[in-house]
Amino acid sequence: MAHKHGHVRDRIQFANAEDKQEFSKYPTKAGRRSLSRSISQSSTDSYSSAASYTDSSDDETSPRDKTQVNSQGSSDFCVKNIKQAEFGRREIEIAEQDMSALMSLRKRAQGEKPLAGAKVVGCTHITAQTAVLIETLVALGAQCRWTACNIYSTQNEVAAALAETGVSVFAWKGESEDDFWWCIDRCVNAAGWQANMILDDGGDLTHWVYKKYPSVFKKVRGIVEESVTGVHRLYQLSKAGKLCVPAMNVNDSVTKQKFDNLYCCRESILDGLKRTTDIMFGGKQVVVCGYGEVGKGCCAALKALGAIVCITEIDPICALQACMDGFRVVKLSEVIRQMDVVITCTGNKNVVSREQLDRMKNGCIVCNMGHSNTEIDVASLRSPELTWERVRSQVDHIIWPDGKRVILLAEGRLLNLSCSTVPTFVLSITATTQALALIELFNAPEGRYKQDVYLLPKKMDEYVASLHLPNFDAHLTELSDEQAKYMGLHKNGPFKPNYYRY
Amino acid sequence: MAHKHGHVRDRIQFANAEDKQEFSKYPTKAGRRSLSRSISQSSTDSYSSAASYTDSSDDETSPRDKTQVNSQGSSDFCVKNIKQAEFGRREIEIAEQDMSALMSLRKRAQGEKPLAGAKVVGCTHITAQTAVLIETLVALGAQCRWTACNIYSTQNEVAAALAETGVSVFAWKGESEDDFWWCIDRCVNAAGWQANMILDDGGDLTHWVYKKYPSVFKKVRGIVEESVTGVHRLYQLSKAGKLCVPAMNVNDSVTKQKFDNLYCCRESILDGLKRTTDIMFGGKQVVVCGYGEVGKGCCAALKALGAIVCITEIDPICALQACMDGFRVVKLSEVIRQMDVVITCTGNKNVVSREQLDRMKNGCIVCNMGHSNTEIDVASLRSPELTWERVRSQVDHIIWPDGKRVILLAEGRLLNLSCSTVPTFVLSITATTQALALIELFNAPEGRYKQDVYLLPKKMDEYVASLHLPNFDAHLTELSDEQAKYMGLHKNGPFKPNYYRY
Amino acid sequence: MAHKHGHVRDRIQFANAEDKQEFSKYPTKAGRRSLSRSISQSSTDSYSSAASYTDSSDDETSPRDKTQVNSQGSSDFCVKNIKQAEFGRREIEIAEQDMSALMSLRKRAQGEKPLAGAKVVGCTHITAQTAVLIETLVALGAQCRWTACNIYSTQNEVAAALAETGVSVFAWKGESEDDFWWCIDRCVNAAGWQANMILDDGGDLTHWVYKKYPSVFKKVRGIVEESVTGVHRLYQLSKAGKLCVPAMNVNDSVTKQKFDNLYCCRESILDGLKRTTDIMFGGKQVVVCGYGEVGKGCCAALKALGAIVCITEIDPICALQACMDGFRVVKLSEVIRQMDVVITCTGNKNVVSREQLDRMKNGCIVCNMGHSNTEIDVASLRSPELTWERVRSQVDHIIWPDGKRVILLAEGRLLNLSCSTVPTFVLSITATTQALALIELFNAPEGRYKQDVYLLPKKMDEYVASLHLPNFDAHLTELSDEQAKYMGLHKNGPFKPNYYRY
Amino acid sequence: MAHKHGHVRDRIQFANAEDKQEFSKYPTKAGRRSLSRSISQSSTDSYSSAASYTDSSDDETSPRDKTQVNSQGSSDFCVKNIKQAEFGRREIEIAEQDMSALMSLRKRAQGEKPLAGAKVVGCTHITAQTAVLIETLVALGAQCRWTACNIYSTQNEVAAALAETGVSVFAWKGESEDDFWWCIDRCVNAAGWQANMILDDGGDLTHWVYKKYPSVFKKVRGIVEESVTGVHRLYQLSKAGKLCVPAMNVNDSVTKQKFDNLYCCRESILDGLKRTTDIMFGGKQVVVCGYGEVGKGCCAALKALGAIVCITEIDPICALQACMDGFRVVKLSEVIRQMDVVITCTGNKNVVSREQLDRMKNGCIVCNMGHSNTEIDVASLRSPELTWERVRSQVDHIIWPDGKRVILLAEGRLLNLSCSTVPTFVLSITATTQALALIELFNAPEGRYKQDVYLLPKKMDEYVASLHLPNFDAHLTELSDEQAKYMGLHKNGPFKPNYYRY
């Protein structure tokens, strides 16, 4: 699962003081981290829905203490319960139906096995959708060892299903921090097997290899990284001259960006609010802080359902877009008293301050769709004069001395990660991008990629999009020779210059 | 008036064979021009509305043959009739009300006169809106000589008003090609006055200076160019090593692009169709060819008014966007028989072919919002078996032998230039961008700009946007020191990286 | 052409004192009229667009003074110039293309000639669209004599074309009041011909027959009336026991109402504003007074194009709908200072008062989409301290002593009648309804209709709708026998109870 | 909780053969019931969300076998567990925040106690929202005895809270049929207490009184009924001359209708689909069967979120509306192969037949938003060649022999009752309407209401709306005396004629 709309995880400490200074200049930096934390924040984010089918059986034995064998006799994996494999297989099959791009990739590329010889070590969420990715890589010829990038998000039955078919999976729901690194280590440090490709989501795997097994990089042809945090780390390494293999930044591909931000938020803002509060949207006064892609998606959906939306912005260009799209641009303090819902999408901190929380009206809902839990000053609400009342999962009423209640969702963390689901189609875009990036890096002729961070070639970005068009029964028009010549384009693309804004 | 959404004018012949080869690779090239044509296409485009107030008096004397003196005793101008100055002044005053950004610029910058010493020679459409620009430049300290970039578009009374206040204007509606170049020459070649700044729209003025008065460039600090064609010419010069002063490409600033394309087309597609055909939009089946910014604007407006819209695309990324925005993506041939309206927005040629025109149903409306008159194969309709019937200005019925009528608008030229008006606000964006570019180039410290083509600095792009926010009573939020630090931004911007997609 | 969205014309004086009292209780009454006026208000409304093709030749001879003969040798008509017939025929042919419902009615019913024997005297606007109606009636077997219901709206060339084919038309553009009644009289009072059906629009024809030729009613099988005013008059007659034949109120049929109000206004508000002011809609603050069908149409269109719309309402149910549809409900005085556009759609008087006009900001546009010219207190603006400046046709700047300008459109009359066009499709709905009503009344068995005012039977309303579905290539689903039984419906309708709200 | 959008329950057997014949002609009849069934269908509908907080404790003792006493010493009630009262109180308090109309009614009417002397026996869903209604009735002076209209929907803790404050409640979640009638009987048949008002939802209570205690009607001043089924029963009684007290049909009030259908479905279709399938709406091809209010709500929401929607209709007027709103009107068989989602909103039966289910593509989602479970021919899917797989609560995969899966939601029952929640605001509209109807009937002067079924007076309908406007901070405009006179209206309404369509 992707880190949606670019929330930056704080990096793990693996750089020197100079790096840190660089880091603090980075525009989307999420704040300095203490050195003592040794697991990345996204590794510990909670997920409400992804793992919803997972059993909460009372088997408290740690998977590390169990010996399990799959039906092929292999025990080179560590999951909660290999017996759940069949249930997990069904989940994977259901996901396959919505990930036809990967299935189509399997078909197109299966003959030639473009990943024959690839040994991929991967660290991602382990869900039905990533299982479809992993099994696609296998179908294309790769050998895979896999671990989880988040201690909560693993779907145990899916991990079991993967293990059953022979993928060496090391992951379960509810790992400890020690478990987390143990699993990564088991993936990398396998007897008689050495990875030549890395697929990472968050940079923890890459970090571990740098720290513990730097010699692995001698054979690695490339790293594919999809998270904002992980990408940031790679740029840091590159800047510091320490990146020793090519890396592909798949986070910033056009297709992925649009789906992770604009389209995904357009869908999930309604879902997140509805599942937590059963709110009626019609006629609600809503302020959305920030009119970037995330804010645009939220505003479009809310307006479409009859909410009366205004926005706050710091950037005059985005503000002008908001005006033209029919939203009043206001300062939060001007409107805060009237609002029914306050949504943050800025990537900034303290966008909603305690003073503003004090001025909200009774029943106001406050939530965050931005990239971290800093946008709402939740800490300021943990003070003695206020009473917290948990009314549902992810829903707290904060009660003022005069009885006023403010409804805080997901304690200010990302609403759509916490309280709604991500459509499989969005995950399909990401997974397909990852697969293509692996193929590209693995097969690139020597010299095409240096020890640097690359964006997915535009043509492959377009290819990802084209693989998803059949889902919509969409029919592309082809350029005639004459037209291609007139436009100065190749008939198969790329069709737009790099700076094109879409 | 801007050349909306990037239609490329063919360049005038001023380069050698090598240039031509370069030129033919350029993606937005509009086709080879014969050497014998010596005036640019956009110079001869017709404008239905811009000059709508202009008298069509039967005074047939050429302005070049008349002697006119303004009330200050000057005769250093050439307009249709200086006596129309008062009427023109009213038009300018009305325009000023909708161009508050320029008025605000006048106020903010008037004390320091940032253009004191600037001698600007300009070649643009001459309308009430450009008059507000010219008078702003004067208010900021510049001396101006001005001519028209189009032989039809001059509002005579506005030219008169400018001449009356002392601007040396050489322009009238209905110039001959000889007049056109004569006027440019009179602007450049003035006794005792030498330009040090050039503001061009289409590149004809720049071309003339290159050809006739190359020595002028010794004193020129920069060229500001706003049209796609003119910008293309400048890049050609730069590539050929012949650009001898810095040039600012204001065509590609974010603000201008969004307004010239997405927003402007959203407004003008409805207007253009309504004024020409009185069509009811509700329930109409429409195909829009091309889902770039122009197509997006058209589709949004038509869908909003109840039309049933599908699109054609060659680019899978744009196609995927269309799907997510709720439009079916089809091949033109699949749907052509059912369509009530066909709109081209591709920038390509023969997007609507004769074969497709043959298959359209009776009453189908065909028009073009793209960048040139090549998208619909209009030439193929000029054949003996078809009858043309002009039913209104800009509206032709093409009648097939079986009686079927296809309704062709503006003979396939740009619908919104020909059949609707451009909101003053859009022109204000462009004019403000031009003024800021002049100030920037004129005041830049030596060495900031070399002999190359530059985009407007992002911060100035944001400034243009901010100057237009008061029109919407929009209130920007300011970053606190703490927030700016957290984001790694300056409090006054720029707020986004250059690659940001808006 | 219909009187759109129910504007009430004042009635002509044809009733006694008691009637007047009844009249003044009527909810949509437009105010007491002086007895001395003898021509209805709508008869003198000006139309900007309907007659746009009409020549303004300098032939000043009154048609009443000319002798004209058509090619069949008949001179039983009176039009401006019979020689324009050919031009008018083309206009009619163009209209026929958009009125396929009537054309289809011609085909379906032609064999049986359901109007054989009908002698219809009609009084409507005389335009290409009504010509299609009249010629349909003739095709169905009727004999027709026709006159204009408005002294300005006749398209002379269309009248000529009708006269040429043998319809006895008495109408021209620019009739005097005396001409108006003379033409009506010539229609009714024809030697050897006595009407047995009346088709009226406004009630003037009906009034004349009542007043001058009451004996005609002995043979008349029914009156079909389409205007709010005319319908009101008929109800008054019925209430007073003076209605001596059945009358069909086609104004209140569902299909006509929805098209005349909601859909027509959704289309025309944008067109009317754009053609008069070239306003950009994006980001404009607009207040719409009244959220009935007209207001709903205006709000939907404006919001869709990016305007920020709020509404005023007196009715809490409509107000609640506005909220749910995403519009703030405000009092006009709360928002008047911020508005860019003020639109009235209430049917009430002085909704925009002088006090509110005084508080508007510079450049505010004020216009009326409601049913009369009373909604904006225009009279209050005709005072010495204010200057009126006509800047375009239908556009006045009202200038306050401090220089503030308010832009008044159409002097407060109906914007869409004055400044935009009505799509032919909307007129087709009305014309088809009229034709069906005539057929129903003419063929109804004795006793089905008494001396009362009737609504079009629901089934015929549905039939009108069904005749227009082919325009949209819409395919109705048919009930199976089993389904019809389950629903308790006949397979061919009617499908809804009378009180259904659609 | 209301029976949303008019689903008709089959009636209980309480009439003779003649009645049955009448009944079978009724258009919205849901089919003949066998005589042996003795509990109404809606009494047994399942509710997924309403009772979501309710404990599923393993206390299996029937409440009828327990003796419980509230803190005031009363035991005149029967609930699951009186100790849950405090938890239920909190639920009620939360609901009060969203039901400000009732709270406002309490305040306005409390002084005069308009229900002083009223003895109300009620049978509704027992939820936090109905508790607010019941306690409002008490606050206005009424004595209340209450029971549940559905055996599953009672929130036990809310019932406990009501019992604790002294309302005689007889209801728990999971009643047997015998329990159901026992509870009703305990409400009606109370020693020393005789009801004089009945508030019913579904008609079971009314039926019981008719059957067992007909003498009660001697004192009853009126019945208030809110369900389609119950209303239908009352009209049947009235027709048969057996209705012996006035009854108020609150189901058909304008405000309730719009909220129960158009607005509620606009909100719940997205929620219901998302919670069950996590579907992404963008680009999905959806067919909505039926374009009544329910269909209109569904289509608006889906289109707004980027789905490509077409509709099927039998009624040409609704079909024409669909066209004008931008939806293609098709026959189901034309499009069924391409659809991603099929939604029924017709009120009819077998709208989606087995043949059509056979032709659906793999992964197609099928669900029902109409009034009963007959619209999709679910029975036809229960055949040996198809495999059913329950993948989540309310989600079944029906698997064809070739592996094709169709995703059936809620087994074809109402999606929004089964799989989404109803906003409290919608319930507030209904509850307020019920309270006002009780006040009206209880206080009406003798003779105002006869033994018939009445609609809520329009003025009270407007009053319900006005009580809900403060939720939106909406400010009504008041008519001036002059305006009221001009319009022929009273300043306080009613503002529209009865036939007005809103």
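In order of appearance the chains are A, B, C and D, and numbering begins at 1 in each one.
One rule holds for everything that comes next: a contact is a pair of C-beta atoms (placed from the backbone, for glycine too) under 8 Å apart; a residue touches a chain by one contact, two chains touch by 3 or more.
Treat the numbers as computed from the prediction; the structure is a model and nothing was measured.
A.B. asks: Work out which chains are contact partners of both subunit C and subunit D.
C.D. replies: Chains in contact with subunit C as well as subunit D: A, B.
A.B. asks: Regarding the subunit A and subunit B pair, does the interface count as same (over half of residue numbers shared) or different (under half shared)?
C.D. replies: The interface is built from the same residue numbers on each side, given that over half of them are used by both copies.
A.B. asks: Among all chains, whose Cα centre is located farthest from the one for subunit C?
C.D. replies: Relative to subunit C, the chain with the farthest C-alpha centre is A.
A.B. asks: Could you grab the centroid distance between subunit A and subunit C? Build each centroid from C-alpha atoms only and quote it in angstrom.
C.D. replies: For subunit A versus subunit C, the centre distance works out to 58 Å.
A.B. asks: For subunit B and subunit C, what's the span in angstrom between their mean Cα positions?
C.D. replies: Centre-to-centre distance between subunit B and subunit C: 41 Å.
A.B. asks: Would you mind listing the residues of subunit C that make contact with two or more other chains?
C.D. replies: 263, 282-283, 306, 323-324, 328, 472-473, in rising order.
A.B. asks: Tell me, which parts of subunit B touch subunit D in their complex?
C.D. replies: Answer in residue numbers: 282-283, 303, 306-308, 323-328.
A.B. asks: Show me the residue ranges of subunit A that touch subunit D in the complex, using the header's touch definition.
C.D. replies: Result: residues 49, 90, 94, 97-98, 263, 266-267, 270-271, 274-275, 278-283, 285, 301, 304-306, 338, 362-363, 391, 405, 420-426, 471-474 of subunit A touch subunit D.
A.B. asks: What does subunit C use to touch subunit D in their complex?
C.D. replies: 24-29, 31, 254-255, 257-259, 263, 293, 312-324, 328-332, 334, 347-351, 374, 461-463, 465-466, 468-469, 472-480, 482-483, 486-489, 493, 495-497, 499, 501-502
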